[in-house]
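Structures are listed in the sections that come next.
Each of the two complexes below includes chain A, the first together with chain B, the second together with chain C.
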Partner chain A sequence: MPTQTYIPLANYTLTSNDSFVLFSNIPNTYKDLVIAFEGQGSIDENLVFTINGSTSGFSWVQMTSAPTTGYGTNTSIGRVSTSRTTSSIQFSDYAMTSKSKTFFVTTEVLASEIRFLTGLWSNSQAINSIGLGIRTGGSFLTGSQFRLFGIHG
Partner chain B sequence: MSIKSLSHSSLTDNLFYRSMLAGNQPYFPLPEGSYHWLATETVPSTQASATLSNLSFWADKYDSLQVRYSIRSTRSANVDGLMININGDYTTNYSSHNLYADGVSIYAGPDYPQSFVNAAQIIANNSTAGSFSMGILNFVDCFNPNKNLSWMQEIGGYGGERPIAIGDGLWMSKDTLDSITLTPRYGGQVAQYSTFSLYGLRGVA
Partner chain C sequence: MEYIAKAEVGAGGSVGMVFNAIPNTFTDLYLVTSHRHEANVIDGQILVNGSGGSRRALYSQPTTSSSVPPAAVTSGIIGIFGNIGSRTADTFATNTVYFYDYNAAKTHSVTTRSVESNYDYAAFQGLVTSITSSSAAITSIEIRSTNGNLAEGSYAVLYGILKGSDGVTTVS
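Presenting the complex of A and B:
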């Protein structure tokens, strides 16, 4: 039988500038996760994240609207700008302990650039927390929104 | 909906109806919302391909379908290709475009006409253990009998090599969508723990 999904799990709207946003106690009852971000940063910098508190085991490849491509082995998986920025971060099979975790990140900086990135967290742990921050000490500005959704499967 | 004669019923025809309205279409309530999970297959052991079938059942219930998958090929290489076929058609009825990158080069190109849609590259057996490619296919207005079937596709993975792509696929047919088959292209098979999930989307909740 069809099951309603794309279920909202958490929704944060910043009431003051904040350097780090954490989604914790993520249930393992969904197949995929989606984080939707819309907001601005205090500086133009890379969006960084942690999974289960870890900052190691990450690798990624991306292509941009420039067009350029690149890859890395750090946690810089997107972009935040002083202009409006929207991002979606999608995790596949985030609770499956038989595989590492693959994710997509799509970022759009208003009137500037689009990035499409895929990455791997080389860890078979189920994801139970995801943290988002800005590299080199920037902050998300007041009014920035972060939403977490679960997708059944 | 027209009411059918009770001269044909589950009693006279020995048919099973999920509805108490014998002779009429089964009552099939949909949950609230506009985005519904319909099915998932987790590959229990290596298999040649993965097929989502009987999709026409959803034709009067949803406008669009989405497939979300996590896949790895058993090919003895870092990557394999991935082919998509519709309704078991393996003739040259397909076209596609993709924008590809691998962290070093970025390039774009069409593939037409072909006997499959090129869904770019996926992680294969020589890549990092436990790594899978992730993909999403969006079939928009896919049951409209006035349109050939087209979809958007995105896929990516990291492990040994770094294939990433976004693109589109076209099946030059207005036949009702009934099955979607994904097959590794260069001799590999679909590895254990690959997953394929089907979702239905409708415009009016």
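Presenting the complex of A and C:
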């Protein structure tokens, strides 16, 4: 029997607007993690995240269909729009304690904008919590959906 | 993620690869394809419930060995790419396509990652975001070229993804 992948770990649909969503107590028994997001923001702004509560040690580069910054050393790792937005965030080897963590993010504002970003969190901690928010005070709107999956190696 | 079905193109090619009667027991759908077109076109299209949609694509297609910046295009189809017919005969484009919330009665978000293959650098890579024109639950998906048939040897596999909880991880 094939090994099932995309093991569902957590699922959350907002019943009211929320500025921050936090996955915590993430088990260390998988190889990779994937977050799937579909929703909208109260404003057009950058998607930001935290890992284990940290907002430091991040660096990234991206290519995008919109003229914008191509690299950064902050936690702005995607986009959220007042139009429907989807995002996939994948963390490789998230439970390893001997390496910094790499991730890649694809963000799509439907039929209008695309971003593909690869990044590094310069920290060897195992990832046990991931927070998602919107920069400059925006909120995720009611009905936005967040899913976390574990992938076996 | 669980296997649902596989579609293949046999001798002589075929207009499309079709998945019908897709079960409603999952949350999201994940489609993997390896396919090429008989005609010299890169653009394929996905029909959802028999209809198209609109897309925004970010792509790069090197014609020299040096890198090129990505370009963007918008058009009225649900995007997917297939190897163009003039590529080496045993090469196929690889696509992964994610359909969010496919059982909901709303237009659907579709995300495509695509890589063409060839024996040199002149191969096409693309990211596509699309939205379906159909607002019904997705019960059928068809992969086509925008011109002519899909070539023999093309195939597509459809998987279902189920959201849920492991009882350990929390989210708030």
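As a convention for this text, the second predicted complex is superposed on the first by the 147 of 153 C-alpha atoms of A that agree within 3 Å, B and C clash if a C-alpha of one lies under 4 Å from a C-alpha of the other, contacts with A are read in each partner's own complex, and residues count from 1 in each chain.
Note that a residue touches a chain if its C-beta (ideal position, glycine included) is under 8 Å from a C-beta of that chain, and two chains touch if they have at least 3 such contacts.
What you see is a predicted model; the values in this text were computed from it and never measured.
By the document's definition of touching, of the two partners only chain C reaches A:109; chain B does not. Once chain A of one complex is fitted onto chain A of the other, the partner contacts of A:6 extend to both chain B and chain C. Residue contacts after overlaying the shared chain place A:22 against chain C, while chain B stays out of touching range. Of the two partner chains placed by the overlay, neither chain B nor chain C lies in contact with A:95. In the superposed model, A:134 lies in contact with neither chain B nor chain C. Legend: residue contacts after superposition of the two complexes on their common chain; A:65 is shown touching chain C, with no touch to chain B. Once chain A of one complex is fitted onto chain A of the other, the partner contacts of A:146 are limited to chain C, with no touch recorded for chain B. In the superposition on chain A, contact of A:47 is made with neither chain B nor chain C. Looking at chain A, you'll find residues 2, 4-6, 63, 116 touch chain B in one structure and chain C in the other.
Those residues of chain C whose C-beta lies close enough to touch chain A in the complex are 1-3, 27-28, 30, 53-58, 69-70, 72, 74, 98, 100-101, 109, 111, 113, 127-131, 161-166, 168-172. Touching chain C in their complex are the following residues of chain A: 2, 4-12, 21-27, 36, 38, 63-65, 84, 86, 88, 106, 108-114, 116, 145-150. Interface residues of chain B, counted against chain A in their complex, comprise 30-33, 35-38, 40, 61, 68, 70, 99, 101-106, 128, 130-134, 136, 154, 156-159, 162-164, 166, 193, 195, 197, 199-200. Contact residues on chain A toward chain B in their complex (touch as defined above): 2-6, 31-32, 59-63, 67-71, 90, 92-93, 96, 98-100, 102-104, 116-120, 122, 124, 151-153.
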